[in-house]
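Chains here go by letter, A, B, C, D and E, matching the order in which they are written, and residues are numbered from 1 within each.
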């Protein structure tokens, strides 16, 4: 993360790929595939939210789904009541951000850290989940919108052109809009991380004591990072709600939170591409497994996850990177520069 | 300062003029580091007050105190392991200065501490002494008015120690410095006025030579070393 | 035009709901096998397209889309919980993919694109309550799962109890993940009802029947249930001493005594000799779904939806293992025989049967003849 | 009067229930910092051991008190050798791996035993307190919980095992240099943790529907109890279980199950805010 | 000879840290090693203990090669390490920190503990304090005691005087000296404190950039200037 974003080729490659997909996909792929990758896009945004706060703020959230769900329900309720989707989309960012800030304040000013922090987030998500699940009765409705408990909220409006509620986006357009979201968020995060603000949070991740001994207000910094993460997760939730046209408590479930963790870990903590890749890979697997006639889809998925951890401890992206790096050094070595040691490795 | 049963620092009255260089000696467990922790707000004194540059900073948050111009090198190095030495120091320099200036200051400080060659190394992978120097650089790059050094010479050899001594003396021109050290050779190079802690209380305050001769100090602290002087 | 007729199947084959999904899917395949052995439809073979939603709603919506858009199947059977149905129903409606929902549920679906064959409260609860009240008395204690099905069923229970001059002394709702019922069991004892009406759902709630028996309550207060045994596994998981005496009401029980059912069960036995589940309404109705659809296709000579609806809603009566079934044109729900049975040694013994019971609840809110393009799930408010 | 007695009993049972759920995890997570996301499935395995073996004529008490702990313990050791041992210090990778494991176990058990195995009826039947009926088995649960805590306490207190385990978890490298075979320590600790979990699962079996997916309902509760408990295995588990259990159970009586659970969560939240290191992180520090 | 290191090379990943190091220690001998920061002293100690992946050469302990022997086995063979940075168990009490180290049954544990408290009286009043709460020097003492408690035959000391007050340095120095006389213990000592190392060692080597080749004659040791000359200019 040292050299400025603008001088990192990887950054341009990523953005280029993103744009390419964004414009090429709708013309090249059939409707179903488009809807498929739309889903990956949405969940990637969710993965990014955790990838950021965890990888670049050292904040571990076991309950990231709380924000995802909050965003989703905010959007659902707002859009059903307003009949428009533009403001709800904004709300789905603002409200989770505020909630994140509040929760962050509650936690970080209470000196909560590492796994305890994780569990507090988890608990918050669980509470949210319990309450939402409890809203089956007709008395639980906000304006037009019935919260619907376990069954969730059906028929959520599709995204439309801002200001013109008539103009629904077709799946192709919806995909492009979401892809744009993803790219923008990616770019924004890259710059944020490279900024001084970002470097400080990395410092805090490495050593809180020293950070405060340099005069940085660790708690404030963390709250901000956490809130940003919450906001992004919220947007993802909103995208999810309108993409699926329905939303149910699963979006707040422990499983949803755990999924995010798994994507980030599989892809690689401390990178932004990693979470995206991890998310796409695992979601794709889940989907494929359901279509082939395997003994038991879930068992197979489980096995794959275990193997993944053992085979790629650092996660996909970092492993790939260090492979490339290692290759490079070896290459240098074989070409005489490196002053490596003779004698072969002895197992310790 | 009290921890449960333990009283680590017991009503200490310690005054420092700005620009002064003070050495703080004392047996292991005398309370020197704890005293530092109280000054920097890592611990809040159970009694008494701390004033810095005329302000009462008792119970203020670490970052607030630091922003008033206090810099500390802790006994157990506190550094950012995951990132490079350069980034470490820069994070400190950037507090007060804009980017270009910060860059310059960073390079310059690394230079002063003689670790320019480590700039691009990941600090977590450095040797103990190297980490000590990185931390020192971070402190200096903050350009504090008051510098607290807790055993800076620990794990330094002859000529490195000499360079460190020079460094400390230089810094003392622009700031008040308090040095905790057990390395007498080092102390002798820099010390003028010395405070000796014992059992959490101030035991002696005198010029270095008198301290070296002081029977009781030899008793509790110096041992034979004194004669070596 | 493809050279097979494609029929989609969406049943959870793994995850929390697989105990229900697997039997449904097996019977589903059996029905298709029969059709193909009988020479297929319109001279084509019938090809099942089966996906496993893994008890996961978002996979439901994805596979639904996949069936509709990519595989372009002619009809889809599946969906278990109301949640899953409400996830996929709009999708099939949007892409005009004919859809059969074959599960008993709380009623209220009104969608020209969907045929709903399972029983609704008006068919089962309406019978169960009076039956219980005659036997045991007028004070009822309701315990129900805390989600739509539970709430709506509880509402029906209240209504029927009152219609029959009794009173519901207490209604308690339980989150689906609650597995400890000690406190409730004590409360029930305190309230001393004549019988307990349970609309508890899912595996954690099985804990209730266990702990109820453990407290020695079986001999004290009888338990009637609107769902116990729906999946065909509960009665097996419970030991006889725990399960005996539980009374349920469904559109199908294995014990139904008619030649069609005998033949059906034999076929199933032959096809799946080592199955560990019991045939239940939800599976049998899935079988009905395939057969009725196939019959309609054969008669209409096409797989085109409206033509099929013509035939299906023509008032034609089908002779099924469950008895006589016909489709009510207003709601496109089944009018069917309903049974009340009591569990003895892990087997339901039929106590009563009620021919031609209509889905009066859904009829209150839905009329597809009046407004054919309605497309929603009404909440039947009482 | 009787009613209050019944309520009191229910509360104690709820506490015991939490203790049983959490103890195994307290060892595996509390001591080894391995997030065993398959904890619920370990419980489930314990339950299945009982159900299957009694189904094949084994005495149910033997199955619950002896067989289940052994089976699950051995299973735990195998898992540790194959997977966990590579994940020490990588607390989150352990989450990823064990989550995979839990799916694998759910699927595996479904494939092998199917998901409609006839369970075991609760032994001992009911007894009456005044005009209320309660399961005698409640007392079994309560005593089991007490026994479990005492056993763990004895081991930690009177053997060096506990000390060595704690040292190993705090600084494996240094422990090695002091001649501690850390690999074995890890393996044993995980094995014991699993065995305890299996034992709990077995005891819960008669009170719940034993199905492959039963685990998911317990995982959250267990973790929350362990974490709110804080560092020390016994005092932590006991105090947390005591507080959370009685609060939630009390709530359940007053308002019904929904708010009972919510109350448990809220209580945990407040506790962690007040005691950021868990209960035993601040008070009873020195306890085991 | 008890310890014999031949042509030892070690690297961190692809970064070399030790290059063909040769040295040995006779039973009862104290071998000192001087070197600037980052020259490889700690790495050398850690490779003898078995932490660092050795890329070449051999290490023989008591005539047997111990390459490939896991750390804890080496410890059992009688090698003890006082690591740089002390590595106290922060959440164990001082007493527990000692007990963990001591093999054998309760009585032996009790006896050895007392033994150690005799050697390091300052630890007495700290017995039930958290290791992490100790002052730097206190931790250093504890680390020494913890190592000696195992009665090692070979003790590896990585900068043991760091952060210790002068008088205690002397005490330690005496303690070690008398130990080497009383029981047959061999010590490899990495130090920066000239007086200390001179006082104790029978032989002193200088290490520089991972190369250990020059033995420093006793005579030279008293003269700091000469020493730094030997150690090569600062890295």
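Criterion: a residue touches a chain if its C-beta (ideal position, glycine included) is under 8 Å from a C-beta of that chain, and two chains touch if they have at least 3 such contacts.
By chain, with names taken from UniProt: A = Amino acid/amide ABC transporter membrane protein 2, HAAT family; B = Urea transport system ATP-binding protein; D = Amino acid/amide ABC transporter membrane protein 1, HAAT family; E = Amino acid/amide ABC transporter ATP-binding protein 2, HAAT family.
Here the structure is a predicted model, which is why all the values come from computation and not from measurement.
Asks: Check every other chain and keep only those touching both chain B and chain D; list them.
Replies: The common neighbours are A, E.
Asks: Just to be sure I understand: going only through chains that touch, what's the smallest number of steps from chain D to chain E?
Replies: Counted as steps through touching chains, the separation is 1.
Asks: Report the chain whose CA-based centre is farthest from the CA-based centre of chain E.
Replies: Farthest chain from chain E, going by C-alpha centroids: C.
Asks: By mean C-alpha coordinates, which chain is most distant from chain D?
Replies: B
Asks: Please work out which of A-B and A-C is bridged by more C-beta pairs in contact, and write that pair.
Replies: By number of C-beta pairs in contact, A-C is the larger.
Asks: Approximately how many whole Å separate the CA-defined centres of chain A and chain D?
Replies: 32
Asks: So how far apart, in whole Å, are chain C and chain D when each is placed at the average of its C-alpha atoms?
Replies: Roughly 37 Å, centre to centre.
Asks: Distance-wise, how many Å sit between the C-alpha centres of chain C and chain E, to the nearest whole number?
Replies: That pair's centroid distance is 75 Å.
Asks: Would you kindly tell me how far, in whole Å, the mean C-alpha position of chain E lies from that of chain A?
Replies: That gives a centre separation of 48 Å.
Asks: If I count partner chains per residue in chain C, which residues reach a count of at least 2?
Replies: Those would be 14-15, 146, 173, 175.
Asks: Going through chain B residue by residue, note those that touch at least 2 other chains and give them in order.
Replies: Not one residue of chain B touches more than one other chain, so the list is empty.
Asks: Among the residues of chain E, which are close enough to touch at least two other chains?
Replies: Chain E, residues with two or more chain partners: 50-51, 70.
Asks: For chain D, which residues are in contact with chain C within the complex?
Replies: Spelled out, the residues of chain D in touch with chain C are 3, 6-7, 10, 13-14, 17, 106-107, 110, 114-122, 125-128, 131-135, 137-138, 206-211, 213-214, 216-217, 249, 252-253, 256-258, 260-261.
Asks: Write out the stretch or stretches of chain C touching chain D in their complex.
Replies: These residues of chain C touch chain D: 14-16, 18-19, 146, 172-175, 177-180, 182-187, 189-190, 203-207, 210-211, 213-217, 220, 232-234, 236-239, 241-242, 276-277, 346.
Asks: Touching residues of chain A toward chain C in the complex: what are they?
Replies: Going by the criterion above, the answer is residues 30-32, 35-36, 39, 130, 133-134, 136-138, 146, 148-152, 154-155, 244-246, 248, 250, 286-287, 289-291, 293, 296-299.
Asks: Considering only the defined contacts, which chain A positions touch chain B in the complex?
Replies: 2, 196, 199-200, 202-203, 205-207, 209-218
Asks: Can you tell me which positions in chain B touch chain E when the two form their complex?
Replies: 3, 6, 26-30, 33-34, 75-76, 114, 117, 125-130, 132-133, 151, 154-160, 163, 182-184, 218, 220-225, 228
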